[in-house]
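Going by the order they are written in, the chains are A, B and C; count residues from 1 in each one.
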Amino acid sequence: MRRWRRFTPAQRIGRALTYVLAAVAVVWSLRTIEVIPEFLYDAPEQTADLFRRMWPIDWAFWGEMVAEALVETFHTATLGTIIALVLSVPVALLAARNVTPSATLNLLAKFILVSSRSVNSLIWALLFVAIFGPGALAGTLAIAFRSIGFVGKLLAEALEEMPRGPLEALVAAGAPRPSILLKGYWPQVEPSFWSVALFRWDINIRESAVLGLVGAGGIGVALDTALNNLYWDQVGLCLLVIFAVVVATEIATSAIRSRII
Amino acid sequence: MDRRVSAAARTPFPANWTVRALWTALALYVLYACGILDVSWDRFLRGLDNGDRFLRRMFPPDLSAQKLDLLRVGMLESMQIAVLSTAAGIVLSLPLGLLAARNLMPGWVSWTARGAIALCRSFHPVITAILFVKAVGFGALAGVLALIVASMGFISKLFAEAIEEMSLRQVEAVRATGAGFFNVLVMGVFPQVIARFIGFCVYQLDSNLRNSTMVGIVGGGGIGATLFTAYQRFDYDFVLTILLAIIAVIMVAEVVSAQLRKAFQ
Amino acid sequence: MSAALAIRNLRKEYRAGVPVLRDVSLEVGGTGMTAIIGPSGTGKSTLIRCINRLVDPTAGEILFGGQDLARLKGRALRKARRRIGMVFQEYNLVERLSVIENLLCGRLGYVPVWRAWLRRFPPQDVARAFDLLDAVGLGDFATRRADALSGGQRQRVGIARAIMQDPELVLADEPTSSLDPKTSVEIMELLARLARERGIPVVVNIHNVELAKRFAERIVGMSQGAIVFDGAPSELRESDLLAIYGGEGWIDA
């Protein structure tokens, strides 16, 4: 009677290893994580308390702080995204193997992109607040520096995956480098560029909202103030506003995507 | 021959006024926003000066044994937060994603599930971390819970989309054999979407590792707490050490996750 | 010969007032192949799909194994479907599964979920699967992924999957429409032979009249949702074909 072997021996070992590794990781994490039982039992009561204190929402806070802060958040996100787009282009060009043949430059550029991505915008904000002082400047730069890695990586990938045909034609015609970049690479990468830009802008609006927690301007500052005062009804308003902004941005980006991209 | 061909049809590169207007608007906006945010060249230059001093205080990174120990504990905790939140997030996202698929579920079920997913995605993990800190206290548990919510928002959404893009004909054939709902899922639906699902999970593990470095700033445990403490104490050389460690770990994680995703293609 | 399947006054309207099937009545005997022919849009596919309820009829009865299939729901419907195998025009194999896994899908109506999940199907099912693979000429293809097969090979797997159910009836919805002429003949021949060997009646929906005449014992011609011809292939005359197809279009079927 013939046996059905679903996986080759090599595959079986691989699968078993993966499961074991995953199990070990989870068990180890569970054991070392500290859970204070009293806090856990308290949790439902605490949560109920939280919601009770958030209602009724303090609408007055809108006029006091939130409206201005919202505008600041919007500009931080948008300006930060624009700066990132501008700065990420040269880095992406350096990182793409087909644009820049030098392996050292590729590596350097890729390192810049990874570092930018690895550090959270919140942490970037901490650094920039230390350098430039609290306020929207720190926030804008934090958004910009974090986004360079995101946009740059996707751009570099788009550049590397580009079909060579049109580029070869330009080279064969004797076009100088800048012309090849402008007329050969740019038209092909343009749709991806705008799509990525829109995607990142959406994410940046969410990120800008929290940067104020470390002093980098925007709604986060209002949120931070409210939290420090333990005015949960003001916190409630901030959360509501953030939620509304996120929804509005999603609607806006879907609309732009379906019409233009 | 029609000689009244318009001049515009003859020009090879007619000026696109809409695009030009958009670029001009963009440039004007940048100037306007810079004004509103008080982003002036002056401030920037002063900041650079400050930045120079700041960077000097960061170099060289603090590599003393005591600090390295703190670093190790913090990074390990971050990794644990990432592992647990991804594991729990995967387990919860599987049913949630299924329930949100409009081609598998009745309307009211899928819309409720989609609402839940949208809620999970609305708030930045930092904000949910703050709320969980209030609910369960400071520490890694709050961070884990916050990232579980973030994971569910991401994985379930993409999973539901993958299911909605699958071939219904293959599923129809399995149903025609008399298989029950779960058998149809196991042999008809999952084989089509599992590769992509694993891809999303690996990506989320990576993302959770990044986010776990930050939830500590608001009390959610992990290296973020260590970083924030060092920052507030002006221990900038230790801050640099931590940053370098974070970059290194995430670089490794990215490479590993890229390989894993390729292996499951 | 007792009727394996009796369809009475079947009616299907996708849009109210526009019937695709008009009071169709048909009895299918216990063995042999019945071919339904007719132009596109005439309701052949709808008729076939109503039998195993992939499409729900608007009115009428479908009597099979002592039950009215048109009324069944839930578990009862699934149990009934187990006894009816189906072959599809586009094969509808689960492409990312291996050939043998696709075959074993035929037994899904009989195995619990945990067996399907862990792929621990009963040994006799696995053995039957191998035998069926041999019978369709794909003995060495058990662990190949379904999307690595050619169209003809995939349809053979599709036929084997249907037979795996050990069905009392096999339905085939345009099984050769996606295949080249030579492979089409091979597939029809395979289907006819396997069904005959196991004594399973087959109802095929096909638009190639030549194939229908060559392999079926009975031809049912449909036009505009109603049956206009029912008899042996030898009885099929040009006038009948004209009534069915309304023109000379059947020549290039």
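Heads up, the rule we're going with is that a contact is a pair of C-beta atoms (placed from the backbone, for glycine too) under 8 Å apart; a residue touches a chain by one contact, two chains touch by 3 or more.
The structure presented is a predicted model; accordingly, all values stated were derived computationally and were not measured.
Considering the contact criterion stated above, the chains in touch with chain A and with chain C alike are B. Averaging Cα coordinates per chain and for the whole protein, the chain whose average falls nearest the overall one is B. If you average the CA atoms of chain A and of chain C, the two centres end up 52 Å from each other. Centroids of chain B and chain C (each the mean of its C-alpha atoms) stand 48 Å apart.
In whole angstrom, the spacing between the mean C-alpha positions of chain A and chain B is 6. Shared interface positions of chain A, i.e. residues touching 2 or more other chains, are not present. Those residues of chain B lying in contact with chain C across their complex are 167, 169-170, 172-180, 182-184, 186-188, 191-192, 195. Listing the residues of chain A that touch chain C in their complex gives 1-2, 4-6.
Of all residues in chain C, only 98, 100, 119, 123, 126-127, 129-130, 142-143 touch chain A in the complex they form. Chain A contributes residues 22, 25-26, 28-30, 32-36, 39-40, 42-43, 46-47, 50, 71-72, 75-76, 78-79, 82, 114-115, 117-120, 122-123, 126-127, 130-133, 135-137, 140, 206-207, 209-210, 213-214, 217, 223, 227, 239, 242-243, 246-247 to its touches with chain B in the complex. Contact residues on chain B toward chain A in their complex (touch as defined above): 26, 29-30, 33-34, 36-39, 43-44, 47, 50-51, 54, 76-77, 79-81, 83-84, 87, 122-124, 126-127, 130-131, 134-137, 139-141, 144, 210-211, 213-214, 217-218, 224, 227-228, 231, 236, 243, 246-247, 250-251, 254.
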